[in-house]
Amino acid sequence: MKTYILTRILLAIPMILIILTIIFFVLRILPGNPVMALLGPKAPPEVVKAMEHQMGLDKPIIVQYGDYLGSILKGDFGVSAYTGVTVIQELMQKFPATLELTIFAMTIAVFIGIFFGTYGAYHFGRTLDIAARVYSIFVYSFPVFWFGIMLQLIFGVWLHWLPVSGRSSPFMIPNHIYTGLYVIDSILNLEWPVLVDTLYHLILPSVTLGVVISSIFVRMVRSNVILSLSSQYVVAARARGAKEKKVIFKHALKNAMAPILTIMGLEFALLLGGAVLTEVTFSWPGIGSYLVTRITYRDFPAIQGAIVFFAMFVAIVSILVDIANAWLDPRVRY
Amino acid sequence: MANTTNTNYGNQMLSSRIGRGFRQLMGDSSGVMTFIGLILLSLFVLMAIFAPYISPYSPVEPSGAPLLSPQWGHIMGTTNLGYDVFSRFIWGSRMALLIAVIATSIAAFIGIPTGLLVGYAGGVTDRIVTMIMDSVYTFPGLILAIAIAAMLGPGVLNISLSIAVVYIPTYYRVIRSQVSTIKSELYVEGARSIGAKNMTIIGKYILPNVLPSTIVVLSMNIADAVMTEAGLSFLGLGIPPPVPDWGYDLAKGQQFLLQNDWWMVVFPGIAIILLVLGFSMFAEGMDEYLNPNIGEKR
Amino acid sequence: MKKYSILMTILLLVVFSVSIFAISAKNYVIVGTTDKITSLDPAKAYEYFSDNILQNVMTGLVEYIPGTTKIVPSLAKSWKISSDGLTYTFTLKKGLKFSNGDPINAQAFKFSIDRAISLKQNPSFLLADVVKDVKVIDDLTFDIQLKYPFAPFINILAFTISYPVDPKVYSANEVYNGLPVASGPYMVKKLVRGQEIEFVRNPNYYGKPAKTPIILVKIFRAANNLYMALMSGEIDVAYRTLLPQQFAQIKNNKNFVSYVGKSPFIREVVFDVNVKPFNNPKVREALSYAVNRAKISNEVFMSQVSPLYTLIPDGMWGHKDVMPHYNPSKTVSILKSLGYSKDNPLKISLWYTPSHYGSTESDLALTIKNVFEATGLIKCDVKYAEWATYIDYWTKGVMGMFLLGWYPDYFDPDDYMWPFLESKASPSMGSYYSNKTIDELLLDARLVSDIPGRTALYDKVQDLMVKEAPYIPLFQGQQQVVTKPNIGGIVMDPVQIFRYYLLYKK
Amino acid sequence: MMALLEIKNLSIDYLTRNGTVKAVDDISFSVEARDSIGLVGESGCGKSTTGTAILGLLPPNARVSGSILFKGRDLLKISNEELRKVRGKDISMIFQDPMTSLDPIMRIRDHFFELLRAHYPKMDENEMKKISSEALKSVGIEPSRLNNYPFEFSGGMRQRTMIALAIALQPSMLIADEPTTSLDVVIQEQILEVLRDLKKTKNMSMVLITHDLGVVAELVNKVVVMYAGHLAESGDVYSIYEKPLHPYTKALLESIPNVKLEDRELRYIPGSLPDLKNPPKGCRYWPRCPYVKDICKRETPPTVEVDGRKVKCWLYGGEINAGIDKTSSAVS
């Protein structure tokens, strides 16, 4: 098992490296001088030169690339040209916001997916199944930002039920930050109003993202559960007199879980893409809105850092999925 | 015998399915979906083609007072600068289809041959290219597109290109995996043993077997591309105005939403949803039609 | 299962409602904004919001009296300017301390000015261009020596770049990233980027303590979010930047008070005088007649900006309405004389940048395009580039005509004339405009220190500028603040410093 | 004495998008206590459907009519929950493919526990272990293997495990659906051995569904031959083997290589099963029947009793052949 996890981690490294390489060169091929963007047009040439030197932009691109890879390996993502703060510091502050959002969104998506998908499969061809399919195909075509705006309008502006932006109300940031996940930090600090406020702010963004992603989960769960429901072991379990709930959840769903998890791992990338748009729509201070802001200013270290974080996030999730698969399926485990 | 799910009805003609009763249509989901999808698609294609004749006003010139609510003469209202929303709704289909089709074509034109050649060649090349493609494939597509689009700058071709990059691996993977199975099949081995050239084998024996499955991928990808384009222009990375573009209009409309000028958001949103719905229904229906036993792959 | 979920829902609802009532009535004011912080090191900060924060937590030798452009001593007790205008001698107040207790003395000033110059950050040039040396005389006295006499220098000393920093905390050769060590009315207690900044009173501030013990600045990503927060009562004050239509709506809302003031911020169309067809002054003149500023102001900004007919904003001395007013028939006749016609229109492109100046920018560009095209003799494309690319394009001469904005570094007509029109400065504006006479007049205006004399010189420059039209000034911005009725202490400042320390709850 | 299981006029249709498939059409037979019967026919004849119908395990698109009386209760009329309680406890079933009949991600133990908990929710774990160990032992598997996963078992072991599961609660009836078909010959013999053993030791009826008349011969005392959803012939095993009445039974018997050892040549039945969506008019066997007459093509033959056996063929009933056999009586 240990070697298995280790190999999976080793396999993830080239992926991160390749993405990083692509972004590194794409960033540099095209016009747009980050130094000028930072200093503004008024900067005298010697200041520009000094800044370029400071950022290593005067070296040949290959050398820059080598330098950058070297420092990334040391965990050094450089200093943001826009704020002067180290990128790792900024990312560590932004990442928990994205993590919190994606965890909640994923939970919602998985819940909807399993519930709707399983019952749709169980009632194959009947009303509930058709409802599940119509839901999945309709929601799939919702642009996530459009859906978010609609929810903001309904629940924030018209009904005044839910906050429509940000992670917290004024003064409602946990006092001590341990993990950066406000839900956990507020519990550790025993700040209950903060916890409530945090959950309150999480509702709309995570529902937006969760629902849009759930469309794929519904169809995945549905088609896989249909397959496993028609397997012999399901019939055999029924023939033993097993209760229907057990048949559906213990046999059909659990067996369908392995392929579902694998695809969920792949769709996680889609979730992250959606997260960027969701963050922008809801003023969510995560890496997504960070990336979008910094792209405008050609903040190379920040953009690269954000991309590496996204890539690592994807890689870690896919490793976790594999581990979960191994845990679920004894054939992989042994 | 007692197989509930995988009833094979692939041998039925598409046309025979049209015109059945509604209940049966809903039951026969692949038929109904392809059908509705096709109707939606042809609606948008017609709209795009005949835009100059249908649209009541020019989409790039103000045609009325700003911020008129939907009314006679401006059935979808006007924008804050007095552009007719309905005209932009119609012309917007051109931009959406154009970019989506260009992007998908670029992706297909790069992805398919690469998949064919690399899959056929196998070996180290295969491993390296596959690793690169897999990396891009697993990375969040929209984020990659955002980064590339921001760097390339605005313009139809640039936007299409940044979307295309995201979908190249999809084609590559589909094609490569099929090629590597087909190439060891008997009839290919046979062709090789009678001395057919590699190019002939690929073109004559492998390509025709592989292409049908790309139809599904193609229409699914166009749906995704429409969505990605909308996302990019929502973030301000799309085509410069006043070129009619739903994503831009939506982003602009969002700024007026709180003043209850809902029409600027709702109509472009509906346009995107319907077009994407058209493509994905068509794709889903086709998928079931072509591979009744495989089920949904995406 | 069902029972539990119902129970949970009820529980959550109870907790929610309790928590909503629990947060209220404390001694604080919450300010909402869509601005972003870059750096809070005065040697690096060079954009409105970061500067404005520094103006609340730090102070310099001199400062503006709120609501005026009059400069008065702050940390300085007094100063003398040598007769040649080259040496400024400052005497500090006694017993000045930073928020951490370290002394603010002459050495700290020398350290800070040297550091600001040697760090070579964005705003460094403001000091580097004029300051030759700083000499410490004793703990409370020091000299600043200039490279040449420079009348607006005292204004630079009121700007953030000249604020003193604590030599024990700030490194001489690195940008500082910690919470600022305060010398002003407030200090930063908590800073969560992209979310909120909490200010508390600085106990060591020499002057009148801030009116409200705590100020919380809440940062929103978009105007919509700011607007919704205002509507829901989450924030007490909204400052920068609501969309024009949102402000227009709030002005009629009795639950809020809105304040409006002139802003020193100006917008203009820039011509690259090296790019065809804009190298022809006649073309530039023709276009300047075609711009309908009233339409721009009404339709894009809901009349929340004022049309501007010169580069020096209204309200500043030296301002003189010189540019031609809207007269499309003039455009037509000039263009016809240049050989353009309906079948052979003048083909041009107008560039804008979509996020740097806010989301109204595309509408501004489109409106200008539409008024140009309304003449019937012009075909205008609209193009855009993100800010970084935009700057690159204008320094490389890619764009012939583009939209730009200007916010002054120091409050003096010089800062609205020199960077635009002086031959060596105009390339940085993307204009490449050059005129010997104007260069001489501008230099004279820097060396003269009496206002009537300088006004006369700037009058001449503005008259010369009209004929050449290297810029079409469009409008002057408006400062807008919206508050709940129970908030007081809003001062509309001509220099546009927003003072948190004057805000209070009635 | 009341039969343990009595099937009366059972018809089963499958609704598909392309029409209705008449999988089982009006069949009746009964199983006495301790009786073993074989349900025989080619694949697709409806024998598995019949077997599956007894436990109510047909897919949702199946439509069943008639009655299935088990100990006097109509299994088609009782509620799902009551039916569930019958499954595994009163009637259990084993299936053709042991490779897929066990849940791949569940331990063998958990299969037993699931069975036991389904019927005795309050049974404690030791009791459950005891019962499962004994059941496993009775089919010749070490109880220590309870902790294994199915993939650690061979095909034969899996089928024996299935049998162990089926008999663990001492049901009064076992339905075995092609229990040996997908196994190789040696393993087949093992499984048959286990079944033979069961027949001897347990007080249990058995319905053996198979296409292999050879298997039937040694295990059962009654045979029901089905063809294309129709009951072709039923009766006790010896008389059917000695003197098959229905032409189809004859053909079936002749196709078994080891029944008549002198006949070395492998025979097969010419033609193929009819399309059940659109079955031929009249007798369903006529297209392949060497004795086909005009009436066979027009009308469905009645079921008649000959020598205590039931047979559905115009050779033995109806007006045309009235002279040949006087004992015929139509049942409808």
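The first chain written gets the first letter, and so on, giving A, B, C and D; residue counts start at 1 in each chain.
Throughout what follows, a contact is a pair of C-beta atoms (placed from the backbone, for glycine too) under 8 Å apart; a residue touches a chain by one contact, two chains touch by 3 or more.
All values reported here derive from a predicted model rather than from experimental measurement.
Chemist: Which neighbours do subunit A and subunit C have in common?
Modeler: B
Chemist: Just by CA atoms, which chain is the most central one?
Modeler: Ranked by how close its C-alpha centre lies to the overall one, first comes A.
Chemist: Which pair, A-B or B-C, has more C-beta contacts?
Modeler: Between the chain pairs A-B and B-C, A-B carries more contacts.
Chemist: With chain centres taken as the means of their Cα atoms, state the distance from subunit A to subunit B in Å.
Modeler: Distance between chain centres, rounded to whole Å: 23 Å.
Chemist: Can you check how far apart subunit B and subunit C are, centre to centre, with Cα atoms defining each centre and the answer in Å?
Modeler: The separation of the two C-alpha centroids amounts to 45 Å.
Chemist: I'd like the Å distance between the centres of subunit A and subunit D, where a centre is the mean of that chain's Cα atoms.
Modeler: 54
Chemist: So the centre of each chain is just the mean of its C-alpha atoms; given that, what is the distance between subunit C and subunit D in Å?
Modeler: That pair's centroid distance is 89 Å.
Chemist: Which subunit C residues reach two or more other chains?
Modeler: 224, 228, 231, 355, 386, 389
Chemist: Listing for subunit A: what residues touch at least two other chains?
Modeler: Touching at least two other chains: 30-32, 124-125, 157, 280, 295-296.
Chemist: Would you give the residues of subunit D that are in contact with at least 2 other chains, written as numbers and ranges?
Modeler: Answer for subunit D, listing residues that touch two or more other chains: 52, 60-61.
Chemist: Considering the complex alone, what residue numbers of subunit D touch subunit A?
Modeler: Per the touch definition, subunit D meets subunit A at residues 52, 55, 57, 60-61, 80, 84-89, 92-93, 95, 97, 100-106, 111, 114-115, 118-119, 149, 151, 162, 165.
Chemist: Where on subunit A is subunit D touching in the complex?
Modeler: 124-125, 231-233, 235-244, 246, 250-251, 254-255, 328-331, 334
Chemist: Provide the residue numbers of subunit B that touch subunit A in the complex, in ascending order.
Modeler: Going by the criterion above, the answer is residues 3-6, 26-27, 29, 33, 131-132, 134-136, 138-144, 146-148, 150-153, 223, 227, 230-231, 234-235, 250, 254, 257-258, 262, 265, 269, 272-274, 276-277, 280-281, 284, 295-296, 298.
Chemist: Given the complex with subunit B, which residues does subunit C contribute to the contact?
Modeler: Going by the criterion above, the answer is residues 223-224, 227-228, 231, 243, 245-246, 249, 299-300, 354-355, 359, 362-363, 365-367, 369-370, 373, 382-386, 389.
Chemist: Touching residues of subunit B toward subunit C in the complex: what are they?
Modeler: 61-62, 66, 80-82, 150, 153-154, 236, 240-242, 248, 251-252, 254-259
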